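Take a look at the following structure, please.
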Amino acid sequence: MTANLSALFYLISGILFILALRGLSSPETSRQGNYFGIAGMTIAIIVTFLSVGNFGTGLIYVLIFLIIGGSIGAFIAFRIPMTAMPELVAGFHSLVGLAAVFVAISAFLKPEAFNLGTIGDIKLASLIEMSLGAAIGAITFSGSIIAFLKLRGIMSGSPITFKGQHFINLILGLAIFALIYYLCTTQSDNIFWSIVLISFLLGVLLIIPIGGADMPVVISMLNSYSGWAAAGIGFTLENTALIITGALVGSSGAILSYIMCKGMNRSFFNVILGGWGATDQSSSSQSKEQKPVKNGNADDAAFLMKNASSVIIVPGYGMAVAQAQHALREMVDALKKNGVKVSYAIHPVAGRMPGHMNVLLAEANVPYDEVFELEEINNDFANCDVAYVIGANDVTNPVAKSDPQSPIYGMPVLDVEKSKSVLFVKRSLSPGYAGIDNDLFYRDNTLMLFADAKKMTEEIVKSL
Amino acid sequence: MTANLSALFYLISGILFILALRGLSSPETSRQGNYFGIAGMTIAIIVTFLSVGNFGTGLIYVLIFLIIGGSIGAFIAFRIPMTAMPELVAGFHSLVGLAAVFVAISAFLKPEAFNLGTIGDIKLASLIEMSLGAAIGAITFSGSIIAFLKLRGIMSGSPITFKGQHFINLILGLAIFALIYYLCTTQSDNIFWSIVLISFLLGVLLIIPIGGADMPVVISMLNSYSGWAAAGIGFTLENTALIITGALVGSSGAILSYIMCKGMNRSFFNVILGGWGATDQSSSSQSKEQKPVKNGNADDAAFLMKNASSVIIVPGYGMAVAQAQHALREMVDALKKNGVKVSYAIHPVAGRMPGHMNVLLAEANVPYDEVFELEEINNDFANCDVAYVIGANDVTNPVAKSDPQSPIYGMPVLDVEKSKSVLFVKRSLSPGYAGIDNDLFYRDNTLMLFADAKKMTEEIVKSL
Amino acid sequence: MEIDPFIFRLSIFILSIFVGYYVVWSVTPSLHTPLMSVTNAISSVIIVGAIIAALAGSSIEVFEISNIFGFLAIILAAVNIFGGFLVTQRMLQMYKKKKK
Amino acid sequence: MEIDPFIFRLSIFILSIFVGYYVVWSVTPSLHTPLMSVTNAISSVIIVGAIIAALAGSSIEVFEISNIFGFLAIILAAVNIFGGFLVTQRMLQMYKKKKK
Amino acid sequence: MIIGSISENVKYEKRVAITPDVVKKYKSLGLEVNLTKNYALHLGINDNKYQEVGANILSHEDVLLNSDVILQMNIPDEETLNKLRANQILIGVLNPYSNEKKIKNLISKKITCFSLELLPRITRAQSMDILSSQANLAGYKAVIDSFAYFQKAIPMMMTAAGTISAAKVLVVGAGVAGLQAIATAKRMGAIVFATDVRLASKEQVESLGGKFLVVEGSENLETESGYAKETSEDFKKKQEELLKETLRKIDIVICTALIPGKKAPIIVKKDMIEVMPSGSVIYDLAASQGGNSELTKVDEIIEANGVRIMGETNILNKLPVSASNLYAKNMFNFINNLFNKEKKTFEINLEDEIIEKTMVK
Amino acid sequence: MIIGSISENVKYEKRVAITPDVVKKYKSLGLEVNLTKNYALHLGINDNKYQEVGANILSHEDVLLNSDVILQMNIPDEETLNKLRANQILIGVLNPYSNEKKIKNLISKKITCFSLELLPRITRAQSMDILSSQANLAGYKAVIDSFAYFQKAIPMMMTAAGTISAAKVLVVGAGVAGLQAIATAKRMGAIVFATDVRLASKEQVESLGGKFLVVEGSENLETESGYAKETSEDFKKKQEELLKETLRKIDIVICTALIPGKKAPIIVKKDMIEVMPSGSVIYDLAASQGGNSELTKVDEIIEANGVRIMGETNILNKLPVSASNLYAKNMFNFINNLFNKEKKTFEINLEDEIIEKTMVK
């Protein structure tokens, strides 16, 4: 296969990867996107075979290893429960990182095979590229491993911080650059290995101070790192597919982690720099918010509800304060248009006066036959997909059922926690009228939507 | 300047152009974007000078011509009234098209200067590229001229259609390709000139059947053409800046015209293929709607109101029927957030019962001090930017002031027509309770928004 | 095993198309008119070709026929560059002013 | 006057960054998890390098040290390719099913 | 020119034809205004409030004697009418059908009479349309009064002590009064049903958030002039069945169905009242024309089967301030149309549909 | 175990302590229910409605004799009380402060008395909180009644005959009654202002669309238990100034400000009433504790300066059905808490805050 032809095919595979990501812009095209990705990968692999043109025993070994790896991958993919997704992705990342390290090592050990010069006399540019690739790959590897362990629960999810942490990271980072510089001048093996080792260490140190809640951002960031590593190797190997894909993955991962931070209202730099601000934060709020909450945005909420078959709305005093009744009505209208069954559950003491919610819902022209009192609807939560709790708090607090010490013990409450997912719209984790913490915020099937009830509901309407 | 260095600079200028377009994603960054564009252009020009390296008299001439052209451009840019924007852009396009043609001609006449071979023995790829560039440039030129003439009013804006039009266009198109093929085999001057000529003709024929209303789409499409022409030339000249920019402009123009079609609810292909469906349309509805009305969408309305300093809302029976009061309130809230002053003008007999509008506005919690009766507010229309008439009709009909024969003669009406623009939200041109036609629909400063009042208002909220 | 630069150019071309595609989707609809005028201005980067055409060949006989075409192209493109960017600027200024 | 291919690669690299930037903004937030897993799968295109590394050199002594690293890399990348795409597929299937 | 008005019999009529606000308007037309003593004292308006804006307070006789136009709510008693003289103009709600004798006398004395309930329902006349303005308030007040009378709370309230369900209100006849009744009841949080014979009223009812009871195969019974015609037998039967079914769960009925110049249609029959829940209220605004309910007794509160039926004829005596304000403005608009601003006289221009139709001949 | 209730003095009290609905609930707890004849006839509820659900209709004496628990609205008269015997339980709104003698007697006879207005304001007690349930309805009814009484229309109406502007309502005290009053007035389209001393009430008022009159430098005067404290002098003065300014344009005032166990604060002073527009209405729900307005006379309608002041003590007699429904449910919830379901007896568990606080000692 001529270099031109294979370059062309690499280009095509790069484009297919772009299309793969593009497919995800809507759920309808997403699966088609995945097929593009698979096609791109297939083309890249085949073209590589053909261009190497080495059809000896080596090829057979390659195929064997490919199949071994593939089977393992397929097995994991089928077996893993959907809930273990984040750690799975983290685990996979570590593999990519390690693969990049191996390729870089291989290139360093046998530069002739890659047209990079000879041992001890590797081209300068290639040397920089490959050592950068190896370093980034190594960071990706060890960082992903830590992320995996944290998510899997093998390692504690809480941030591990110690004094001078950032300083050490800085030193290590600078050391890597210094070593690369020496590597270029001396071409020494030992230096190369040190770079790899230090990078492994740096990866660990970078991730341990980051809390479990921020892991998705970290994973996406590691994803980005693995992309840059691939691009670095791509430059080394003068391979367009690697360059395109690496840059694509690198930038998209970075942007994605930025988007996720924005969505969670967190500072990007704090997260990425490894709990940079963690210490400041802990003093103020962490002490109280020990337990982790899942934090969503309007899009998540819209997606969940759009795909639900039944939704129960639980309004509370916060809806009244935000005057969100009109927006709520609109949201329900939009959901009904999507074929979702929606009803309202009114707790007898929701709000601050008897019938508070009724006044507001009537104002928004909510039909009376969609409004149910506690006893009528409480059993329906078990069969409902989403409970949308808007500015209510005490009236959903399960502590009323379980803890005789609680001031609200004995009050009947709405069993929102029995629905598949619970969305809580409120501005913060602060308690309601009764002044007691609500355990539901920290449940697994709860997604907190921190915002003014009206604003959030309006945004959901927009996303629907 | 070495080839590498200039290639690098061309890359930078390409990136600056990307950033220029990116800047337009929000009004805040848009001006910065424009500066990026200017910087990119400056770099491209300077690099070209340096890489040609021909600092003789030629350079002086170039500078002179540059200054002449620039002065003309600057003069036009400062003098042109803002309302003439669309035709100005069309006019400018024609220049780009012609410039591309000229460059292609020049390259054809003196291939050696561009490293494309010698006369009569031009490289095949270059020949294809340059003739495509020339053809597309020529189409852009003559098409833009027609668009310019139509928009300027020199030529009638109505579509000019004749039988077999599309067939002729097809023939011409095929002819161009055939000629390019012959050009490649014969390298004959005449064929090259014929290509240019036929392309000029095709440009004219492509645009004349398109109606004035679709001109913005056409302009954007021509923009796209000019991009492709530039990219073609870029390949010929092996110039990265031209390739990047050409592809950028080409694809962005095409997408933009697609987006605009979608926004106007028109079929992209009908528009681009030059009034393909024009004949079907006229037969069905034109008969009744003799007079032309301006027909807008939610985006237009949102834009107009967002940039207004004061808006008066005129609700009528249609608002009640559509139960649009909540959506209306939301729209007003959004406008107020944008710093627009909004008030409601209630005609004494709007709706179907005394106080009909008041009930509904109160339901939507519209503050009473924003609601004015006819006498209080009628003088304010003259100073208001937009009157948003939502489901009202008779109460705005100026015939009540002018025609003693009219059944509503003598009734005081709201002088909405005195405001700078009037937006009418109703489902059709059908009359109101009194059963008489409303002359306002056909006025120049009226934009009809045909839709259910609630839906339209909700859409406007989304666009705000 | 050198790769033909054409392949690279093609890659660049195609990637630029993608960028153009995405860039436009992210433009707010209210800025579509400035978008048109700025893309118009940018497309006059054809001036690069025009300059090459104008200065092509020996520096003595400037006014060969091909050079003349080049010079004409320069004028046209220059009108466009200055006109396009300035008009865009004016438009954007307008947007700025109306915003409070 | 040949241009160094590195410049081209750099152009490609930078344009790809733009594409990546835009492509992600246009992904609906609800698909962010599949996005992560698909980018993960795609990033295992590093297998290209791994294959080259594995097959590098003379075909006789397959198990030189550098080749071994190549083979290891192949396994790792392969796990990722199959695992990544399949898991994405499963996830997307889930989204599909929920839609009526 | 001078316009005047004398006190109504305050026992039966609390509304007045001229308020201080419109006095100003008359003055700005160049008209003098004469009123009798304590003209609107029962509304809390002292004579000086009128005098401040330029009205003259005269004796009963003087007002009658000196005014060119006499504006009233109702037709005055014989004694007063006898004091009128030729070429004077009398305007009010004169009810020419029931007051035939009085009117004949007046006409024979060359006194021009305008009766405003005869106003044509054209757009231009809307500002003088006393039927609309008064019916509107009547619809509102009927709801407020029946809510005050009803022994339960109207809106839905889900409370710690159990739920009060929303009251169900049926509005019979969705004309001006009916629509305002719908709007008012809806505001309070009631579930509102409505029925009418005019097809257009469905959309109108829904535009106020009410539910329209659609009688199958309903024909459009609207006349050219916007009033209702009498209904066909078949329609009546279907309407009855639907109504009876609906009334089983209705708490409050507001009746407003009228056919101009005829007895009001009897819509809520005895057997329907029997199925209504005990404690319900029927408020019959059509009482003055016989009532829409079979059991309605004018100006009495009947209790049948635990259902209370109120047949108010002049409900606006309970809302006299607002009602007078609107009535006086209607009057003014009528005068404004009658008065020739150039010649400064009243001109009976029979070309003008409004003048032609309202003049009693 | 048997619970019983005897008819109240229907002249003064139209509410009842047991409704057919709750009879069912008592039965399902395993309790018998005894009632006197025509127990709730005045509400349109026949004795057979009670019998259908399993209540026994007995004579006055038999009910008193046979019941373990007597449920009432108000404390019965001496004669009745004398018939009670030891170990019976009496539950109602007993007003131990004003009925000291009666209660002493009862206690000395070993009759256990629970007075429900003493209920602690804890979350668990909300379902028994008669003050809330009744205040809620009182707030609603006060608005409905004053609207019925007001001589103008409440909502804004822009009509062909001119504009009726929206009425302005001021609610004094934004407790349960006040909030419901705000909600009700707002629904009708009134412009609603409110004032209170508790800081939290600002947000609550606004959550119902009312405008809160903020007295500058206001301190929070809420006690631990959620009631209001007495206010400081400085605050009172500022509040007065603000109120006087506001009242100049107010049409209807609803007074609900109470301080438990004390005389109601006088908030609307004489000089403020003087500046109010003539025709305005003050509805004083605090009348039973002296009233929030200086001129309030209990159970009378006073007219001062054209302003009508109504001081109703038992407004819920006008809404007896809804009020009884909620009261009876509150009662049931209280009994449900008192009744030991395993031992099937009533148990006075003084550990339980609710029982401890309500028991009169």
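Remarks
Note that the chains take the letters A, B, C, D, E and F in the order they are written out, and that residue 1 is the start of every chain.
The definition used in the following text is that a contact is a pair of C-beta atoms (placed from the backbone, for glycine too) under 8 Å apart; a residue touches a chain by one contact, two chains touch by 3 or more.
It should be emphasised that the depicted structure is a prediction, and the values quoted were computed from it without experimental measurement.
Chains making contact with chain D as well as with chain E: A, B.
Counting every residue number used by either copy at the chain A-chain B contact, over half are found in both chains. Pairs A-C and B-F differ in how many C-beta pairs touch across them, and the larger number is found at B-F. Of all chains, E has its CA centroid at the greatest distance from the CA centroid of chain D. The distance from the centre of chain A to the centre of chain B, each centre being the mean of the chain's C-alpha atoms, comes to 40 Å. If you average the CA atoms of chain C and of chain F, the two centres end up 79 Å from each other.
Here the CA centre of chain C is 74 Å from the CA centre of chain E. Averaged C-alpha coordinates put the centre of chain A at 18 Å from the centre of chain D.
Contact with two or more other chains is made by residues 126-127, 132-133, 136, 155, 157, 159-162, 164, 187, 189, 209 of chain F.
In chain D, the residues touching two or more other chains are 2-3, 5, 8-9, 11-12, 14-16, 18-19, 23, 25-26. In chain A, the residues that reach two or more other chains under the touch definition are 14, 18, 240, 244, 323, 348-349, 354-355, 359, 362-363, 365. Taken chain by chain, the contacts fit none of the simple shapes, being neither an open path, a ring, a star, nor a full set of pairwise contacts. Every pair of chains meeting the touch criterion is listed here: A-B, A-C, A-D, A-E, A-F, B-C, B-D, B-E, B-F, C-D, E-F. Interface residues of chain C, counted against chain A in their complex, comprise 1-4, 7-8, 10-11, 14-15, 18. Looking at the complex, you find that chain D touches chain A at residues 5-6, 9, 12-14, 16-21, 23-57, 59-60, 62, 64-67, 69-96, 98-100. Every residue of chain B that touches chain E in the complex is listed here, in rising order: 317, 320-321, 323, 348-349, 351-356, 359-360, 362-363, 394, 400, 407-411, 434. Against chain F, in their complex, chain B makes its touches with residues 346-350, 354-355, 357-359, 362, 365, 368, 371, 373.
Residues 43-44, 126-127, 129-130, 132-133, 136-137, 140-141, 144-145, 147-148, 151-155, 157, 159-162, 164, 184, 187-189, 278-279, 306, 318-322, 325-327, 329-330, 333 of chain E are the ones that touch chain F when the two sit in their complex.
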